[in-house]
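The following blocks contain the structures, represented as structure tokens.
The same chain A turns up in both complexes below, where it pairs with chain B and then with chain C.
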Partner chain A sequence: MKLPRFSRKTLCIPYAVFLVFFIIIPMCVILFYAFTDKEMNFSFSNFLRFFSDPTKLSTIAYSIVISLITTVICLVIAYPVALILARSRLKKKFVILMLFVLPMWINFVLRVNALRELFNLLAQAEALAWLENANIFKTVVGMVYDFLPFMILPLYTTMLKIDNSLYEASADLGGNAFVTFFRITLPLSVPGIMSGVTMVFLPSMTNYVVSDMLGNAKVTIIGKFISDYFGNDWHMGSMIALVLLIVVFVSTWLTGGFKSEENVRGANL
Partner chain B sequence: MAEHIIELKGVTKYFGENLIIDNVSFSVNKGEFITFLGPSGCGKTTTLRMIAGFDLPTSGQILLNGEDISALPPNKRPVNTVFQRYALFPHLNVYENIAFGLKCKRVLNTYRNDKGEEYTKKEKLTKKEIAAKVKKALEIVDLEGFEKRSISTLSGGQQQRVAIARAIVNEPEILLLDEPLGALDLKMRKEMQIELKKMHDRLGITFIYVTHDQEEALTMSDTIVVMADGVVQQMGTPTDIYNEPANTFVADFIGESNIMNGTVVGKNKVRFCGKDFVCVDDFPANEPVDVVVRPEDIRMCAPEDGMLAGEVISVVFKGIHYEITVQVGKYEFVINSTQSRKVGDKIGMTIAPDEIHLMKPHFITNVYDGVITKHNTVRFGDGEWDCDVTQLYPGSYIDEEEYLITKTGEKIDLTDTEVRVEVGLNDIEISDEEDAGGVMGHIISIIYKGDHYRLIVRTEENEEDYVFSTEDLWNENDYVSVLIPKEKIKLTLKPKAKEDDAA
Partner chain C sequence: MNKQLLMKCLKAFFVGLVLLVLYAPILLLAVYSFDKTDMIGRFEGFSFTHYAALFQNSKVLGMIGNTFLLAFLAAVLSTVLGTAGALGMFYCKKRTKTAIHAVSQIPVINAEIVTALSLAVTFVAVGLGKSYFTLLIGHMVICTPFVVLSVMPKLKQMDNSLYEAALDLGASPFKALLQVVLPQIIPGVISGFMLAVTLSLDDYIVTMYTRPSGFETISTYVYNATTKGNAHTAVTLASLWALTTIIFVVIVLFVLISNLTGRKKEADR
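Right, the complex of A and B next:
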């Protein structure tokens, strides 16, 4: 009997199995549920129900707005930090970088819980009593707290790659600090901005743990919505999941995420 | 009289604790092609960067047309730089790269208002003006039609041209070039050398060029500034630098040289290799000197007609000439000649008086500041050495408690006494065994002097130098131990510092 030849392709079998059972089949299941009714007959009813229901549409819009706010705040905080860090000649700058990344190593639920307790404590104070019901505010703070490292890292790695002589060349050619920033630094850090934005915007749309724990369950984002529906109506839940998938796809496409491998650089943590 | 466009006055630059530029002063004439030449780490690039404004001098002044620009940021200086690795903007195309400086530029335009009064306005250049200037710059560097190309699609030579165009399009008063041809292959480099020289003639602006390639410097420059260890060694025309090197460093760095120890024996007479020679340079009698003779300045003749006679020990064909090594007694001479000789031939050599260059030796002896320790050893030059401290007080001796007893019976504790330490050039030995001697260091310079080598060993800690002669061949950068025999360390007391200085 001829022994089967062991080739490099054989090494892919474990992943191929994983791919089939955990990605391809579940995707088909979602597609199946999204386009069937309770009697398992093919129907567009979920699709129609979703797009005719203002609450559902507004929840999607609401999620996008919260994610956008989170992303913008992260970008505004992270950009100067990453720039200063990347351009400093500090020998110990990895320590500072480590401080930003360190929270990522502490359990996520623990961190959000801690933040909630902190808010509760602060709300005791009379001047800060408004915190009690500032659900959106608290949700956004929680999201920023959670996702900030994902913005700093890609920005930092991208900026690190900008050769110092380019800044010198700009100054040499008469560019002041303003010109140098807008014509050299900013355009050359766009890949970092793109991958940072992708890594913050998309997860913050679905991460309902934060909104649940910090928003007194009053802030409903799309992720929460899906999880609720999967309690009793798998068909609607699947449809919402599918819509989300398309939103994610479109936004990735818009930010150029599919263009080249370069844009995911720095996404290695 | 030529105008000085740029002048350095006592410029000194430290990076942290390291002295990079040590009190450099010189001036550059308008329209000149001047080259900073020296080995890597000599401070030539730092000098250029200070003129560009990227680094600021720790002390001293840089004057542009008589005005102090030492503290002016780079964007306010009328100079432009061609960077070593071009530093082209990767996200902009060729046109946008070249137009970058023009878009930053503001020009004064004069207008007349209704009442006929003149007034001036600072304005941007129009798109048309910019396009015209970019087109002209591209013509100068021979890259017409490349406007839309992206930087990454260009070859090294083309990027080089874009970098030059990007600088000259701003019509700077001075163009700074930091080893611009370093990344190109030999043939390309030769072509660009000629083109740059032509460009200089055509543009009529001052070029300041940095290179470590002596041939490049000799070919292109009007004036060469030879630098080493952050100090200007010599400044002059290529002919002067080549024919009349100011010291052995310059003689050794620029072209090839036979360098020997000699002694002045009378007016215009010098003795080396055991013979007296007539020379042109005038030094006081009995002074030790370095004698430099270029290999192409030695004429070969019949053994009986020569000033020196010797035997050919090697012949190497170099394309245009033969490189012939001749053994004369214990000395070796290198001769470059279009005529060949065979190994083993007996030949005579003559040297014309004006081809014998005498220079003051750089080093006659090593001098250090030292401190006597508790155990009557001396600390200097990053090491601790056994020495004879009794030489400080003639007729003294050391008692059992390590105190010094003078001739008159006075008891002295020498601990922390400051002394001047002198070590002769022939009194230092080195070994490649670690910890064999007082200190370890790297060999930073080797100069062959006919029958021996002159080495400089530099320690790592405080960069102390040990200069000495040896007959053994070592390699540059070897890590070695320095040995000095106890009896060769000459100590003298330093005059006591005035104690009321502190008050």
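Right, the complex of A and C next:
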């Protein structure tokens, strides 16, 4: 018996089947639940209930504001760090970059727990007693703490690619540090900013582990909101998930998409 | 000249400060994991109590074993599926390739809660319920796309004529793939595997939604211990400091060793 000729293309069949079963079909199921009522009849009631409920909409807006603050703080801290490292002539700058990535490999929840213990310790001091109930503050700090490497890495890789001769040319032509920064560094690092922003903004809108553990469960972000609804109303939960899905894809599209070559978790380091 | 030196100091100070904040919580736990008591704030005396408690608590040991076994299984399966998928996609027609790639990107950019929820709803709707199988699938959904993303660039860099040469010299397509193509993309496969391991180890949300009841990983255990604070967890919380410290030390050692051996290989070239 002769086996049919082996084709390299057939290798993608298992993966394609996997994607259909565990990504495409589940997305369709969400869509189905979002537009049906409890009797499984087609209805817009979840849609209307969602968009006519001010508390739901304000929770979403609140969550987006927290994410924006987190993203801006991450950018403000990460940009100088990435620039200093990328422009540094140190031979061992790789080691310093490694130090920024290393905490990412400790379990996420254990890391948040470590920060929680630090906050508890700080709150014992009289001057810092306000920390005890500063739920939003602690949540934002926790998110910055957790997602900072996601911002540093893409910025660093983009800045590293900027041709050194551009800086020399700028200096030769009499550009001072400000001019060089605004006309060379900043425009050329925009792709890095975009992927960094996507990498931080989306998880900080949805990863409710940080807000639950540091915000005494008093800070409700979209992710938490979905999971709360999911407990008793699959249809509404699916509707919010669908809205979030659209937000995610629109913002990815706006920021120019995900750059796959920037390996976001630093496994290639 | 003095101004330059000042700038240098400022830069070093800034980078150092960010690193200090990044490591402060972990170092705090590392110090207090050797304390006699389970109170952070005053160091009462050096002891291994918390480490002993960690290794005597069968529940904690069980969940650590669960986490690593799950990460290993998910990473192996994801690596096989993802590598085969990337290979197949690479040789497919452009349109097929774009389609598979687009679907494959969904779990990468999508919010984890939406992925988790869509999977959970689907599993329950088709009667699979929640079992170790669904948990494994859940982890594969978040890991495999990253394996594909790691392998793809290596395929693009590959010298395609070597495969043709192998066929001309009489190798079967399968043998040529295994002995000629695979060795060229192996760095991508390895980094994909590592990425899959870290993603699985870190995951909380997908685990939470797809796990069978009573199954605990480090993430779910720590999350429950800190947010639902039961009376019996006081001792366990302190043993989690020990766990954090151990994981931290293991990661530092791993990075050191892999860097040293990596440097050596580069030097040999």
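Following the convention adopted for this analysis, the second predicted complex is superposed on the first by the 252 of 269 C-alpha atoms of A that agree within 3 Å, B and C clash if a C-alpha of one lies under 4 Å from a C-alpha of the other, contacts with A are read in each partner's own complex, and residues count from 1 in each chain.
Everything below uses one rule, namely that a residue touches a chain if its C-beta (ideal position, glycine included) is under 8 Å from a C-beta of that chain, and two chains touch if they have at least 3 such contacts.
None of the values given here were measured: they were computed from a predicted structure.
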**Request:** Could you say whether A:R183 touches chain B, chain C, both of them, or neither, answering first, second, both or neither?
**Result:** first
**Prompt:** Between chain B (first) and chain C (second), which does A:A134 come into contact with in this model arrangement: first, second, both, or neither?
**Reply:** neither
**Asked** Given the touch rule stated above, what does A:D172 touch, chain B (first), chain C (second), both, or neither?
**Response** first
**Request:** Please work out whether A:M151 is in contact with chain B alone, chain C alone, both, or neither, and reply first, second, both or neither.
**Result:** neither
**Request:** Please indicate which partner A:M239 is in contact with in the superposed arrangement: first for chain B, second for chain C, both, or neither.
**Result:** neither
**Request:** Identify the partner contact of A:I84: answer first if only chain B is touched, second if only chain C is, both if each is, neither if none is.
**Result:** second
**Request:** With both structures superposed, pick whichever of chain B and chain C touches the larger number of chain A residues.
**Result:** C
**Asked** Counting only touches as set out at the top, which of chain B and chain C does A:I73 meet: first, second, both, neither?
**Response** neither
**Request:** Can you check the complex and tell me which residues of chain A touch chain B?
**Result:** 163, 165-166, 168-176, 179, 183-184, 187-188
**Asked** In the complex of these two chains, what residues of chain C are touching chain A?
**Response** 11, 14-15, 18-19, 21-26, 28-29, 32, 40-41, 81-82, 84-85, 87-92, 96, 100, 103-115, 117-122, 125, 137, 140-141, 144, 146, 148-150, 152-153, 172-174, 177, 191-192, 194-195, 198-199, 201-202, 204-205, 218-219, 222-223, 226-227, 240-241, 243-244, 247-248, 251-252, 255, 259
**Request:** Give every residue of chain A touching chain C within the complex, in rising order.
**Result:** 5-16, 18-19, 22-27, 29-30, 33, 77, 80-81, 84-85, 88, 96, 98-100, 102-111, 113-118, 120-121, 124, 145, 148, 198, 202-203, 205-209, 212-213, 217, 222-223, 226-227, 230, 234, 237-238, 241, 244-245, 248-249, 252, 258, 260-261, 263, 265, 267-268
**Prompt:** chain A touches which residues of chain B in the complex?
**Reply:** 52-54, 73-75, 79-81, 83-85, 87-91, 100-101, 104-105, 166-167, 170
